[in-house]
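This is the structure I want to talk about, given as structure tokens.
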Amino acid sequence: MKKTESKSQVCPPSDKPTENDSNESINLIEDVKNLPPWFQRDFNLSKKDQELLRGYLDNLDDEEIINLYYQLREAKEIRNDRYFYPNMQILFGTPFEREKDRREQRIWAEKYEAENEVIQWYKDAREKSCVWWVENHIIARHCLNSCMSCGACSALCPAAEFFDYNPRIIMETVQEKDEQLLVDLLKSDTIWYCYQCGSCKAKCPRKNNPFGMITSLRQLSQIKGYHVHSIRGRQQYAARHFWGGNLWNRACTLYFRNVESETHKDFGPRFEAYDKARDDFFTRVGACPDSEGVLSGRKVHPETLDEVRKLWQMGGALYMWELIEEAAKNQAQEWGMTIDEYHDKVSREG
Amino acid sequence: MNLPMDVFNHEQRESIWKRYVKEIPDNNYFLTLSCILGALYPGSESMVPKVYDLLGLDWNTNPSARSGWTCCSGIAYHGDIMPIEATLLTVARLWSIAQELGLDSVTMSCVTSFGIHCECKDLYEQEPGLKDKVDRLLRDSCGRKFEIPKYINHISDIYYHYRQELKNNHMKFQLLEEKTGRPLRVVDHVGCHYSKLFPEEHSLGGTDYCEVLSGMAQAWGGSSIDYPERRHCCGMGFRQCMISPNRGGTMSSVLKKMRSMAPFEPDLIVTNCPGCEVFLDKEQWAIYEVTGEKYFIPVITYQELAGLLLGWDPYETVGIQFHTVPVEPLLDKIGIPYDANSPWVNCSVPR
Amino acid sequence: MSQQRVLIVGGGVTGLRAALTLDDFGIKTTILEKTSQLGGKVTGYSKVFPDFRDGKKIVCDLVDAVSNSAGIEIITESTINDVQKRSGHYAMTFTNDDVVDASAVILACGFETFDATKQGEYGYGVYPNVITSVELENFLDHQGPTKGKLLRPIDGNPAKRIAIIFCVGSRNKRIGNPYCSRICCSYSTKQAIEIKELDTETSVTCFYMDIRTYGRGFEEMYQYAQDIGVKYIRGRVSECSSLPNGDIQVRAENTLLGRPVQGTFDLVSLSVGMTPCKDAGKISQLFEIKQGHDGFFVAADEDIHPHSTTAEGVFIAGSVTGLKPIRDCLLDGASVAGEVASYLRKLNNK
Amino acid sequence: MSEKNLKNTKETVDYGWRFQGKPILCHEDRSTLVDESTYQMHMALSQMSREFYYLERCMQCGMCTETCPNTKLDRQDKFSPREFIQKLRLGLLDLSGEDLWLCTNCGNCEMICPFEIPFVEVMISLRNLVVEQGAGYLPATLKNSISSMATYHNPWMENPDNRNAWLGGFDLSEHEDEDLPKILLFMGCFPSYDNDAKRIAKSALQLLHNSSINFETLGNKEVCCGDSSFRSGDYEGFEKLKRINTDNFIEKGIKDIYTLSPHCFDVMSKRYFEDDEYCVKPFLLLLHELIINNKLIFTKSINKRITFHDPCFLCKHNQIIEEPRRILKSIPGAEFIEMEHSGQKSMCCGGGGGGIFLDRKKGERLSEIRLEEAIEIKADVVVTACPLCLSMLADSAKNDDRYKNIEVKDICEFVLEAI
């Protein structure tokens, strides 16, 4: 196909909205507009509201909460001859969505728990030693031939410039193949400083791949639950819900409404202006904010979503999220705070 | 003092980057877009299909509701919440969609995606048997099968490939200062995952003298400049930029780059990586507020650069209003007309 | 055995030394030199380590001796075109159509210096103020173009801050030279000392991975360099880049402090390693002898017969068998002559 | 291109970035520099004093760091002589930190260094930079002691006239026999003022009497030997004290000088007299002589496990190792055992080089490590032969139950017990 104009027909609206269909959706949209104040994004949620919300969510059973979520989310109206899903923006990043994800993902995990070598491998790895991991993990085993400690990696490392961090020393530690040293490393902040830029890989005279190794170590740290021992490691819980939530519900790691001027004062006044008129700006440059289409911000079709969710379950992502969730839960209990407070703490306090 | 332009020898530089060239197909592209770019500079993405159509190229993205393209999950992988297998599967699915459409060349607008696609390809080469395993898993989970695509190209590669044609047949402007005719000084910032992960196989010009952007800039009339921090990370760093307690690192990295390039008096910065685009652009404001150092060097993507030179509407099509650092001064330099008091620019930034 | 003749390929110090020794045995030799004059690489060295003798002087002495001895024939500006192996001797035609019939051949065709542009990160050829050790040698030569002064190529101002980068083109898998070139540490240290002695106000900083001054008197030379204030920083340089005024900024890690270093210098000299001589491949085919993975020739028995090859009557000496300091090359010349002599005697007695 | 710190950072700006509650903005660039400034710094140092010349040849083998007692402590920022030298050589020295004052001048590094780098000398001349030119951080407590040594001639601003107070009105001149040769006993500040160390003075006095040896002291005229002020970098103060003491010696005209403290002995024998007309010895040697010549005879037996803590200034700086052991082994009943580190490899008590005037918090004291070693070998008594060691060890032993079963004694008082 050639012309851009035809793009809107690329994925034809499944069925033209019938009368009652649209009525129903309108009501739902109204409902959402009338949602109580505490039904909002974390950053303007008072302690009291949080408790209210907690209470409300804990009273819903899995079915209810999941259905409610999708009823709200799939509610659509027509805007400039395209389906538009106004409620998404209200739901993303809310404790409500997080709670729903927890339960839904658990259900999925159980439902598709059938024989799966990938998940099984990670389950076994959990029991095995860290040294075993660095020798066998699909990424790790290609990352370290032999390190001569020349320092070419640290020289250009953006993290080493600003933090007490040094890829060379990490590679040396791994090379030691000493269980205790590795465990200490995985429990420390060190591995979490890496920017994943790959400068180290490009420069290594021995063709090692420090940043690949660090990715692998981070995975291990989470699988073993060591990440909760370090401040920056705990942040992974926020990551799991931010990126994980976006992937799970919108099939993209960054949802175009995530970056709000409220939370990004450093982005300056022009960004503020843009944030106010975001939808308008988007549509005028031909993007599709929360609506049918193929370009930026488009709503991902349920069928597509269903496919990738299966893939992520199959690929062990759900298992890993489960582990992160579990570790977080225990840590939160230890600190005597609710999971939402924990989420706020790790994502905003460090 | 010597002119900044004289501190290096262009011929030699050419001979070095020419060691790293890759095959870029002429037509039939499968298009996958980016999460970050789409979220903050939707204009850049909407322009890609326009350019493809302008060049009369055959391309396609998602054929049906079921086969919609999704993100490559690269950020999730580098943000360490996803095992490599899940990412392999996600990418395999995208590849299988491409094959569904009979396209063997995957092009993406995101450098992280590019990196991930290349990493997958590389992994399949390194790991005998992995292909079959992933194939099986893919079939079990959503009944698809896939082949490793012949070509993996970043959209900037395609732009580079057609840079002359764009200039000769379509562009209304050049990267020259309207008044003096001086070539504009262009700083190119190539995404790390484009130039550093697989310099030999996949990056045009290698790590040290990456050509993909400076080539465009030079072809379109500008002059590319080199500066000490040129090849360095913008500090986006996935978890570093996403989690506010880590943001200091990102800002510091940008500051370091800015301080390093400022003496070369660049007129604009061109990027091909969404993450870099965001932070080089946005953090300049933060740096101004925090340190009082005012750089305000316009940062635009290569798509936007092309769009502007093609004479497309700066606001309606290109979307320069999405930028924190005003791009208008650059338009003035080149002499691209725009409506100064259009409703878009409804806020003032110290110029 | 007077009719017997030995062909020596390469008129460097090794070849000359071998010719002289064979001459003492009364064996006639032909020296085949590719360039217009004898002496090879050593002609370019104003001083040689560790005793700081004049390299040119060494060459002159050898060449004089050679030209005074009747038994030595010299062919310059020519290389081997074709080799015919007849029973016990070789008939060879050269590019200048000369024909030599030799009972034994000594391959002493030396080495090539590494092409520094292959390590793009150092910007050799791109930034004028980045030079190779060979060019630095010329700078330091009192009969050289600058009369022994150090100047910034970009603007001709005197260079006050010098950096010397070790291991360029050595110990690097990425560019396919995994081996150590053995003599760079020493000659770079020698150059550092020369610079410092030229003007004590000049600051010299050496970036090294390991100092491998293995020979007799080499380590002492290294210590002397340190004593007179040459700075040694342990860490491989990852990148050189140019500032507006042509200064070179160098990035490395000081692995002894575990921190990145950033230095600004007037002049950066790359201590380039060595590679096998250009025609090594061709020659190995002509004479059917083996090349090692690193491209240098391999002896039949590295330990007991280091000079004899798998091809009967073909001997190797000097840096074609691996890199050596000048002293060892001369030594090699003498010892290969011994091997050849005894080989020829055996040949006669048959 | 490389401004390390962020100038004019506006602290008022706040984007809500927090780390552990602290606001976050830009970070400082940690990379070290090689530029004009570091070059100048290095040049300046190398011209300043000749010790720096030797630093150049350090090959960073790290033996010094391994042997340095400071690395045995579990502090956050470990002090490493190797890194210190590296920084020094590259002109990256930063005197604003505590590093400079962690060195106790014990001399381990100098003994083990394959290139005989005089690290202690380097430290002293750097300290001199700080003390005399205010080029860096100087701990307050040490500052006081230094000035006190210069003005009051003792580290604690005690009244100089009370130097003899420890005698308690006891008159030396009564008990002396004209026609025997005389020795001069140099008390030192600690035996004169410090409560623990006074025991040394008293028992030394007693021992001399028992062996009927003629001796004198400088009485109230005596001033601090200046070892601590010298090693803390106060050259001026040291010269002053040195002059006063030497004048006194000349006035007294006694050539044989015995000091109770190895520190006094070391500094006097090495930095006081050019010619060897005056002979300075540690009291320990006299004691040893008396015992092997049976001038002192042990009558009681002491049934205890004892060990000896070698003072650095005897065992390392002056190789006096066997004498004390011979003494202790000859004491009837006493069972002598060595600690893990003994003799030349002995561990410092942390008192040297002015270290005694710094108040280290519990768990960061070298003396504690030393006592731990004593406990390991189940010793009842730790005998030492240096007032500084005595008070360092005694201090730590007191008010800490872990060490309540350990006695710390000076060799003089211990010998006296057996007589």
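When the chains are written out, they are named A, B, C and D in that same order, and each has its own residue count from 1.
Here is the rule we go by: a residue touches a chain if its C-beta (ideal position, glycine included) is under 8 Å from a C-beta of that chain, and two chains touch if they have at least 3 such contacts.
These figures come from a predicted structure and were not determined experimentally.
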| item | value |
| --- | --- |
| Neighbouring chains shared between subunit A and subunit D, ordered by label | B, C |
| Relative to subunit D, chain with the most remote C-alpha centre | B |
| Which of C-D and A-B has more C-beta pairs touching across its chains | A-B |
| Whole-Å gap separating subunit C and subunit D, where each centre is the average of the chain's CA atoms | 56 |
| Distance from the mean Cα position of subunit B to that of subunit A, given in whole angstrom | 23 |
| Centre distance in Å when subunit B and subunit C are each reduced to the mean of their C-alpha atoms | 45 |
| Subunit B-subunit D separation of Cα centroids, rounded to whole Å | 64 |
| Two or more partner chains touched - positions in subunit A | 156, 160-163, 263-264, 266, 348-350 |
| Of all residues in subunit C, the ones touching two or more other chains | 121, 234, 239, 243, 249, 254, 259-261 |
| Touching two or more other chains - residue numbers and ranges from subunit D | 1, 15-16, 18-19, 27, 29-31 |
| Overall pattern in which the protein chains touch one another (line/ring/star/complete/other) | complete |
| Subunit B residues within the subunit D interface of the complex | 228-229, 244-249, 251-252, 255-256, 259-260, 263, 286-287, 289-292 |
| Contacting residues of subunit D [partner subunit B, same complex] | 1, 3, 6-10, 13, 15-19, 24-27, 29 |
| Subunit C partner contacts - residues on subunit A that touch it in the complex | 145, 148-157, 160-161, 166, 168-169, 203-207 |
| Complex contacts: residues of subunit D adjacent to subunit A | 15-16, 18-21, 27-31 |
| Subunit C-touching residues of subunit D, taken from the complex the two chains share | 1-2, 30-35, 39, 42, 46, 53, 56-60, 82-83, 86-87, 89-90, 92 |
